[in-house]
Amino acid sequence: MSVHITSPAFKENAKKALADAPLQSALSKVGPGFIGRRTAAAGLLPEFDALRDSARDIKNHTLAHLDLYLERYETKVRAAGGHVHFAVDAAEARDIVTDICRRLGAKTVTKGKSMVSEEIGLNDHLAACGIEPVETDLGEYLIQIRGEAPSHIIAPAIHLNKDQVEADFRRVHAHLPPERNLSEPTALLAEARGELRQRFLQADVGITGANFLVAETGTSIIVTNEGNGDLTQTLPKAHIVLASLEKLVPTLEDVSQLLRVLARSATGQEMSVYTTFSTGPRRPEDVDGPGEYHVVILDNGRSGMLAGQLREMLRCIRCGACMNHCPVYHAVGGHAYGWVYPGPMGAVLTPSIIGIEKGANLPNASTFCGRCEEVCPVRIPLPKLMRHWREKEFERHLTPAPQRFGLGVWSFFARRGWLYRPATRLAMWGLSRLGWRAGRFSTLPLAGGWTRHRDFPAPEGDTFQAQWHARKAKRGQE
Amino acid sequence: MSSRDIVFASVRRALGVTGAEAPRRQEVDGRIAGHPRGVIPQRAQLPPAERLDLFKRMVLAAAGTLDHLQDAAVVPEAVAAYLRARNLPPALLRGADPRLADLPWHLQPTLDVWIGASDGRQLVGLSHAFAGIAESGTVVMLSGPDNPSTLNLLPDYHLVVVQAADVAGDYETVWDRVRAAYGPGEMPRTVNWITGPSRSADIEQTLLLGAHGPRSLHVLLVGEPG
Amino acid sequence: MSSPSEKRPPSVGLFVTCLVDTIRPGIGFAAAQLLAQAGCEVDVPRQTCCGQPAFNSGDRITTRALAEQTIAAFETFDYVVVPSGSCAGMIKTHYPELFVGEPDWMPRVARFCAKVHELMAFLVDVRGLRAVAARYDGTVTYHDSCSGLRELGVHDQPRLLLQSVEGLELREMADADVCCGFGGTFCVKYPDISGAIVEKKAANVIASGADTLLAGDLGCLMNMAGKLQRMGREVAVRHVAEVLAGTGTAPAIGMARREGGT
């Protein structure tokens, strides 16, 4: 389901989302919760903005030397007894993972939350290979049992309410007594904990993503609040890390800078509960831990992004602050974006991966209000990068015809002031006559999109320029 | 060409480099060898007594609990009291850490102390932290037979002994100590930073404790800063 | 106060924006009046559009042509003042991007952009205006338009001047700094989403209990006025300059004009 792309149908998706009452109710909680907590956390740390600069600089430095840090990282992982696999695209990454699972005779794999796993459509592929994937992050588990994709990069089930969760648990956990009380979120959490605890202990392979990879030590890092990712990687025979190549950072000090802005930007916590640094498989003296450690490094279009403006997008640390602050995300939620990455970061990243032909709606569906850039912990100029995609779309003549035509007519006049001024005078004179009595229009030809939701004010009359110059001429005569 | 070669070639093409440029290599080697610190918050640079106060406050702010004990010798007594107060059976699982082994457990004859990794059946785990971090109320756990990682994750109640002298202001100080213990560029298999008990807000953004990891994190802070 | 020459009043080229030019010229006259009060010599060179619609639609060629046209028309003034945060932001922060790598243009564009100011920021930050001589009997709430707020730092300036208006009570609404959903071409490309966003804004305006909504951008004002009126609300919607210039008695945006009115 996760590789199924509905981004071209963004408008229809959005329309459905706007009419979906439970979804709207869930979305109404996104802003107040996340925004207030982030603001409070940022306010408690006077160095927060300086840390954002530091985080940006670390990522810029790493990306400019990415080949060398990748080499260093790879050497260190191997030295620690781990394996590094490079995957050019999604299909190759899926094959690498299933090959490891098959070799180990894996029946079930537990999974920590990984957006790269969603990007490569891993769960469907594992299932098709007869290997059962079990999502262990509570939000991911909720959407897995519903057969849905995540609607947010850090809160995948943010579109659901507890009644929906209860109904799903009664359907899926049919072996539990039907009369049990699940009316409170605590009961739902306890049930998920109980169900998943067995799966953790049974799993043959654990798959997690990575928030960061450290070149200095060959370490992968995951950040969780539940502890699910940590159990996922500690208990099974093998731990597989799925990471896209821009997760690299040079040193432990560098990652500490980034961790100081990550949780504060994401959930408004000072630090997430579990920050786990993993280096290779279990050591000879260890009494627990995975016997094998594999890292799959995925490119999937990212290396190409290093060449131009889009390199800035590769600084992203997946905190979700951009979508938490986005008025469009608040209105339509994550599924409307039609692929794995929603919100402003998705609007920039998605076209890089699935192509601008399919992803063109996403960078267009922004008011350019700039709030995403204002809160981004690594200062990605998201509106500028969305505009970059709009330019690509325009250059390649992919802009929808009515829009291109409208823009063409407008620019024809705007570039010819001697035509623009009489034309606007005439148009405003006409409109002001028509709207004289009401002061506004409730329908207007060619402006149906506007007047479907709001009135359009009637112009006052003559244009400002005409009036100004008439007055000036009059003053000159006096 | 292997996929590895394709990826490296593509990265280098996009960056306009060959990978052989000496100045770039020097830059990367220098950064890893020097591992410069970036911006260290003021609050992480307090004098020892205030640092310890901050650590205590931050542990509580992260929904952890904390006992400040003057001497390690009273740890078994404090553990027994903790279990009694919560009506828990008097049993716990710990690793082989000599700092835990050397405690006077015999003074708590009713307390069953088991040693090893957790298989998920134990309610209470006890670990010894490598360090505490004041700026966020974090405890730093290193994997190994002394303190198996499963103890951090599987028991419902995780009790952690932290020496006051091991409480650092910031993360960077702890990395220096890890380097001193393991060598530059080397790490134990797992380093767990733990900041409070497990939690989830995935159901309607309601924050609930005890998602998959421990429902309670109790810090036994021992002694005064050195 | 700073001006290039203390001898003569600074010359200000007023870039009214295409929306003010066509839909609500009263804002242009209010701006000119405020600039005159702040000791400036105002003129209005022939102008069309700053190019923002083309810029945000990915049409760099048209944008560039309009930028050259605007620069040529306004660069002889001491200052260029714009009664709109989004058009001022377009010129001041985005024009330089259009000329990157062109040594013939870059210094000229930089000199030009340094002279460009949003009206409220110009009055307060450049001209040192702290009060106006105006009266407005009403409770007003102020919406921070996105570009003015985030690209140009317009936030305190309009509030400072509004506090000096006799009879006016400023009552902040919740989420005053959240986008109204206008977004230029966004509102026609994605009308349903835009409609949903402005609905939330209208609810915040109504909840504030203010009888007047002010902002510094006509696009946002038209969007919010149109929504409030579609909802049948009596909130008067005006540009902040109109109230500060004392022309706040003219019919509000989208309201019927009195017979024989201007």
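Lettered A, B and C in written order, each chain numbered from 1.
The working rule: contacts are C-beta pairs under 8 Å (C-beta built on N, C-alpha and C of every residue); 3 or more make two chains touch, one makes a residue touch a chain.
Predicted, not measured: the structure shown is a model, and the values here were computed from it.
**Student:** Select the category (line, ring, star, complete, other) that matches the graph of chains linked by touching.
**Tutor:** line
**Student:** Counting contact pairs per chain pair, which pair wins?
**Tutor:** Chains A-B share more contact pairs than any other pair.
**Student:** CA centre of chain B versus CA centre of chain C: separation in Å?
**Tutor:** 53
**Student:** Report the inter-chain centroid distance for chain A and chain B in whole angstrom, where each centroid is the mean of the CA atoms.
**Tutor:** That gives a centre separation of 29 Å.
**Student:** Report, in whole Å, the distance between the mean C-alpha point of chain A and the mean C-alpha point of chain C.
**Tutor:** 33
**Student:** Can you name the residues of chain B that touch chain A in the complex?
**Tutor:** Residue positions touching the partner: 2-4, 6-8, 10-15, 17, 19, 24-25, 27-28, 31-32, 35-43, 58, 61-62, 95, 116-120, 135-138, 143-145, 148-150, 152-154, 170-172, 175, 178, 185-206, 208, 210-214.
**Student:** Name, in rising order, each residue of chain A that touches chain C in their complex.
**Tutor:** On the chain A side, the touching residues are 11, 14-15, 18, 327-328, 330-332, 364-371, 373-374, 387, 389-395, 399, 403, 407, 410-411, 413-415, 417, 420-421, 424, 427-428, 436-440, 442, 447-465, 467-469.
**Student:** Going by the contact rule at the top, pick out the chain A residues touching chain B in the complex.
**Tutor:** Going through chain A, the ones touching chain B are 26, 29-30, 33, 45-47, 50-51, 53-54, 58, 61, 64-72, 76, 80, 85-88, 92, 136-139, 142, 155-158, 160-162, 165, 185-186, 188-190, 192-193, 196-197, 200-201, 215-219, 225-228, 230-231, 234-235, 245, 250-254, 256-257, 259-260, 267, 269-283, 285-289, 297, 299, 303-307.
**Student:** Give every residue of chain C touching chain A within the complex, in rising order.
**Tutor:** Touch list, chain C to chain A: 16, 18, 20-29, 32, 44, 46-49, 51, 53-60, 62, 65-66, 69, 146-147, 150-151, 178-179, 181-200, 222-223, 225-227, 229-230, 251, 253-257, 262.
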